[in-house]
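Dropping the structure in here first, questions after.
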Amino acid sequence: MSTTLTKAAGDERLVHRPLAGRLLSRPELGSVIGAIAVLVFFSATADSFLSSMDTVLYAASTIGIMAVPVALLMIGGEFDLSAGVLVTASALVSSMVSYQLTANVWTGVLVSLLVTLAIGFFNGYLLVRTGLPSFIVTLGTFLMLQGANVGVTKLVDDTVSTKSITDMQGFSSARSVFASTLGIGSWDLKVTILWWIGLVALATWILLRTRAGNWILAVGGGEDAARAVGVPVHRTKIGLYLGVAVGAWISGQHLLFSFGVIQSGEGRGLELHYIAAAVIGGCLLTGGYGSAVGAAVGAMIFGMTKQGIVYAQWDADWFWFFLGAMLLLATLLNAWVRKRAEAAK
Amino acid sequence: MSTTLTKAAGDERLVHRPLAGRLLSRPELGSVIGAIAVLVFFSATADSFLSSMDTVLYAASTIGIMAVPVALLMIGGEFDLSAGVLVTASALVSSMVSYQLTANVWTGVLVSLLVTLAIGFFNGYLLVRTGLPSFIVTLGTFLMLQGANVGVTKLVDDTVSTKSITDMQGFSSARSVFASTLGIGSWDLKVTILWWIGLVALATWILLRTRAGNWILAVGGGEDAARAVGVPVHRTKIGLYLGVAVGAWISGQHLLFSFGVIQSGEGRGLELHYIAAAVIGGCLLTGGYGSAVGAAVGAMIFGMTKQGIVYAQWDADWFWFFLGAMLLLATLLNAWVRKRAEAAK
Amino acid sequence: GCSSSGGKGSEDKAEETGGGKANTARMTIAMVTHSGQGDTFWDIVKNGAEVAAGKDNVKLLYTNDDKADGQAQLVEQAVNQKVDGIIVTLAKPDAMKAAVEKAVAAGIPVMTINSGSQFSKEFGALAHFGQEESVAGEAVGEQLNEDGRKKAICLIHEQGNVSLEERCAGVKKTFKGEVENVQVEGTNRPGVEAAVEAKLTAAKDTDAIVALNADIASAAAKAKEGAGSEAEIATFDLNSDVVARLASDEVAFAVDQQPYLQGYLAVDGLWLHKQNLNVIGGGRPVLTGPAIVTGDDAEALKKFTDRATR
Amino acid sequence: MTSRPTPAAAGAATAQPAPLAELRGISKFYGSIRALEGVSLRVDAGQVTCVLGDNGAGKSTLIKIIAGLHRHDAGDLLIEGEPTRLASPRDALARGIATVYQDLAVVPLMPVWRNFFLGSEPTKGAGPLRRMDVGLMRATTHRELLRMGIDLRDVDQPIGTLSGGERQCVAIARAMYFGAKVLVLDEPTAALGVKQSGVVLKYVAAARDAGLGVVLITHNPHHAYLVGDRFVLLKRGVMAGSHARSEIALDDLIRDMAGGGELEQLSHELERIPPTEAPAVPAARTEG
Amino acid sequence: MTSRPTPAAAGAATAQPAPLAELRGISKFYGSIRALEGVSLRVDAGQVTCVLGDNGAGKSTLIKIIAGLHRHDAGDLLIEGEPTRLASPRDALARGIATVYQDLAVVPLMPVWRNFFLGSEPTKGAGPLRRMDVGLMRATTHRELLRMGIDLRDVDQPIGTLSGGERQCVAIARAMYFGAKVLVLDEPTAALGVKQSGVVLKYVAAARDAGLGVVLITHNPHHAYLVGDRFVLLKRGVMAGSHARSEIALDDLIRDMAGGGELEQLSHELERIPPTEAPAVPAARTEG
């Protein structure tokens, strides 16, 4: 990827730069340093941390599945505050549709995909049509969804959580797709990890190798310039919101099929975790720069820290303090290493 | 303010433009339309809305006191996720210091000012020293403060809320400064409204008439360009974080002296409300544009909507839905009116 | 300068609780709740557990997560850590089912506390210490009937929270008048105050306010003052402020489910089970509440609420 | 495509084929600011139309209308004889109008090769495996820039780290590479070195000879006179003249561009100052 | 201040006073990219030093070091004879070095008058009532721009809505207005019209005559030769020559700037093409 072309290798204006330095200048590989530091730290301080890597990976994957499309959206220069409650909404729809129609749960799953995509489209369409900042548009949908999740659930199911659908037709097949566990050695790997890896690979492919990826980088890095050279800015942005919707759909189905029941009030605040994972992984909040692998590494740092603090048996009252401090330290370390690498090269 | 100079008035390249059009192009006055619409709407649908304007103003002022410095920070191109918990931290410090030292509460109030400023400085200093995005820096302090608020309170007071200081010396004088009520006619106006108006006036003065204001607009609108012409970018940014700290201190003292007791888990999530108020009021999330009056109007829209929904006695389950929809509609209306004004003139 | 009134200087020196300490082998117990951050109620539960742990030579690992999947993960983590016992809340029973069963399958004794008594046994837990939210709600409804109230509002401070909804539903079930739910923001007390004041102004016939935790009760009391309403305030749970307001009759009564007991008994129960295979309650749910607390009890309770044990 | 005149036809016939693009009495307002009023312009195949004028005269605004970036408020825009409203630059590109903007050239954080092909990426493979032809893109970028005299070290460098002139060269090379029927260049040579300017002018001449219509904006009358066939002068948003090359001499053009007679004096004054002053001190100005 | 030579002294004496600013063997790397290596330059009072070179030669990098925007990696920067490391542009400004950057000119969303005075706002009043002298700022902005031939409609317009040349004029007028001892101009006339360019060159001459040291970067050899006293040539990051005005003729300068002998042919070729071609078709190019 970052080798130079043909004769440029012998250019007298290029100082020789070792591979390590070149690798470190990629957005995702920088943050890997932070992740390794966190890993080493908790392996040393928390007994069962390494042997419970499966739980850690699971925790990382539940953030990571959303962090990847959210990262793409951020690279495209926009924001989605509704991502957290959208996950809940997606799970609620499939649960309620299946239960109320007494249908095969796969019907619910499909309807949910359509509804979730429709909400994502609504976000994107409103954004490009009105020209309002995405912060305010998605804040609107965030609040509206937060209310609708509870309101609709109470209307339909009379309580704030849905009825259990565990005994319905199709549940077990859907569960094996969205929420099964694969025993590999002593580890119980959740299927979400596969979904996560798949999404990272797909997003990386899109970003680095397709026209759409070029457009995403362009609308985030310079919307006016991109429009001026003929990039379909509106379509690209709507597409990014649809991507977030797909992520929310997968997460939502996982939530539903691992528990059978959905609490309609949950999901608030998670959008911040997704965004944080992307930013820790090197995505620019202002758009135009970042990578899907970086977002995955960010989710990993987030997941490891959250789990590690529990394994290290630190005082729960200080949980958030430790989490904040560790995240900050990991990001600082990564920034510092990168600076060194730049300077030394 | 926006009259043209000398001979330009007769310039053939300037189309005549009525006063209304010119006014509407100011960031704050545009959003006033949205505010008026919300006001008219709720006056019509909710009986006691107009007669209870004092409560509405109070609700708006508690958001507004923080929305103003947060808006300045956003105009300066940065973000503060820790603003919400900083308010709680500030209240906790003065309560704990007063109680533990059995000192006059004013001692606690002053120590709290220093501590809050120190946290604000920490945010700003970390930002300019490390060059990390403000999102990640303040996310770190947000999480750390959230943990420390609970952890320290438990450590010091043994419970997760502070001891009551209502019976301590200085409490009543501090209460009259931070949390008194002024009866004007049939209205009971809270003193926070005065603080709010004062802050708006001060911030407007700074932004429009001082060098610091020029620098704030410049670092937000083009940091590199500002640095290149000699604007002290770092000092300006740190100053903005100190401003947020002052706002948090006032809000925190209000909280403490109106309730006497502080719950250490409070404040989370409010940062989003402050930012939302600023954005609704026309501040650009990317910096360089906005006004303090706009932020105040945004807080007003937020406050009116929140209260209005209760006065209108709409179904509580759908509260958040209505809030989101109303905010979106108000902002849309305002954007639409502005576009019309631009086109018609 | 120094304050001549209030403050730490005025505190009674509380006598240390707990005397001796068991000389049994050290055991590790994990306690996983669905509490949010900095919640008074759960702090009391935790205090009870800690006192029992200190007495029984137990290492207590307290963790909490207010999201269903997060709480389930914490239980699994406890299993991974091979603790000697797990205490868990069942506010979201379906979400906890798999994790609890995993723990039981791993041979770890489990106690459930707080709500969810009907699931405790089904999931394989040894015993349950708690109070049904709906039962507590019903108690409030009955008390309001007794006080002759006609119209109540129930303040939900966290949207979509099952336990809060159950409490309000319980009130609705027994209360003969009308009950209306109002959403307030639990982390923003000035906001709570303004919203309740608005509701009281809009619905002037409201004569009872049900707060679902003690902090909300304080804000509601201020709002009532602001709106000049005559409504009586009932609340769930206690803190020092509520006790003070009980004493001054600003709050009519509080429903106490004795959270201290839930923590204490669960730890003690696990210890007893290990030492002696005892099961408190003989396998049936042990109720720790609801107890109705009024102004008459306030004086006696003050000392304990200040210490966060009631 | 059908009625597009070949360069030969355009050169030979006095009968007028429909111009590739034509503006008739175009006006444009930015809020209360009048940027253009009643401006007309035609872009013929095989001809270079130069738009000249003072700073702020409205030149960039004019070409942004042709490029589909702004909508005009009055007047008609005709493309190949048909009245048209361009919805977006993408629309204009699809009709074969390629543009180099004065200040909207590139996306700074993106590598040079991605910028070069932005919006018109070549692909290979089909179906889900359809992907950008990265090898081709890199090689083309390097080659095309080399042809303009820019020897890039690394086509992966973010374009924002290139020098001003290098960046401008990327934008020009891109437009040249994709240019289909009409090429619109807004001050292309402003940031360029002597050598690169020469190359660009040669390119313009070549494009014209290949039958493209070219719109060239420049402040350099020498450059304009070297390649231009028709000179349109704007002044404070209105047309101040339109001359065929045969009707105007270089000196008149320079005078017109400098704002007419009353300014001649200033330019004379300046031209005189250094020469008269220079001989007075040169002895002292020896190297240190 | 103490040893600052008057223009007269600089002109008369061959004894060398310390130059206002001097670079000795400066190198600068951006990561693995070498932008400058071993470049030396001196800025004397009352002299105009022109820095010339191809696109990407390192000219802007050089002046960014003098302006305090970048730190150099090797070599010495001397200001009035003292070795110095400038911490920031603010530092450089405080030492009397005013700069017009090629691409970092302005804050787009801010009104023109705020941009004009950014970083050096005049104030009135004292204590808490100390405030910007807005009246003065507006009037000055309008006047100074008018002097450059830019007649602004409204100094409250966001500067981002000005045309490219108008924006550049604001940056130049600002530097001229605040210029104290050294004036650094990076391609100031690139976006300017004929008239405005003339004004800028007159300003440069006036600044020089007032005893300021001027560093001028330009791609226009005519402009450079009109006002320059010394010409420093950069090529791919290294010095390719340094000539006093007396040692070099305009034609040599043009050839040097175009990259030397091997390029002469191209420029000749280009100069020839249009004249030979033009007469062949002009008859057909009548107005439509």
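Labels for the chains are A, B, C, D and E, by order of writing; each one numbers its residues from 1.
The definition used in the following text is that contacts are C-beta pairs under 8 Å (C-beta built on N, C-alpha and C of every residue); 3 or more make two chains touch, one makes a residue touch a chain.
Being a predicted model, the structure only gives us computed values, none of them experimental.
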Distance in touch steps, counted as few as possible, from chain C out to chain D: 2
Label of the chain whose CA centroid is most distant from the centroid of chain D: C
Between the pairs B-E and A-C, the one where more C-beta pairs touch: B-E
Same-residue or different-residue interface between chain D and chain E, half as cut-off: same
Most distant chain from chain A by Cα centroid: E
Chain A-chain C separation of Cα centroids, rounded to whole Å: 34
Geometric centre distance via CA averages, chain C-chain B, whole Å: 34
Chain A and chain D, separation of their C-alpha mean positions in angstrom: 44
Where chain D and chain E are represented by their mean Cα positions, the distance between them in whole Å: 25
Residues of chain B whose C-beta touches two or more other chains: 13-14, 146, 150, 154, 269, 284, 317, 319-320
Residue numbers of chain E (touch at least two other chains): 33, 153-154
Where chain C touches two or more other chains, by residue: 37, 159
Residues on chain B engaged by chain C in the complex (per definition of touch): 46-48, 51-52, 55-56, 58-59, 62, 84, 98-107, 146, 149-150, 153-154, 158-161, 163-171, 181, 188, 254-255, 258-261, 263-270, 273, 303, 306-307, 310-313, 316-317, 319-320
Touching residues on chain E, where the partner in the complex is chain D: 10-14, 16, 19, 30, 33, 42, 44, 47, 53-57, 59-60, 102-103, 149-150, 153-154, 157, 161-166, 168-169, 187, 190-199, 201-202, 205, 219, 221, 226-227, 229-230, 242-247, 254, 257-259, 263, 266-267, 269-271, 273-274, 277-278, 281-282, 284-288
In the complex with chain D, residue positions of chain A that touch it: 1-2, 4-6, 8, 11, 13-14, 205, 209-211, 213-215, 217-218, 221-222, 224-232, 284, 288-289
Partner chain B, residues of chain A touching it in the complex: 79, 81, 126, 130-133, 135-137, 139-148, 150-151, 154-155, 269, 272, 275-276, 279-280, 284-286, 315, 317-325, 327-328, 331-332, 335
Complex contact set, residues of chain D against chain A: 67, 69, 88-90, 92-94, 99, 101, 104-110, 114, 117-121, 123, 130-132, 134, 138-139, 142, 151-156, 174
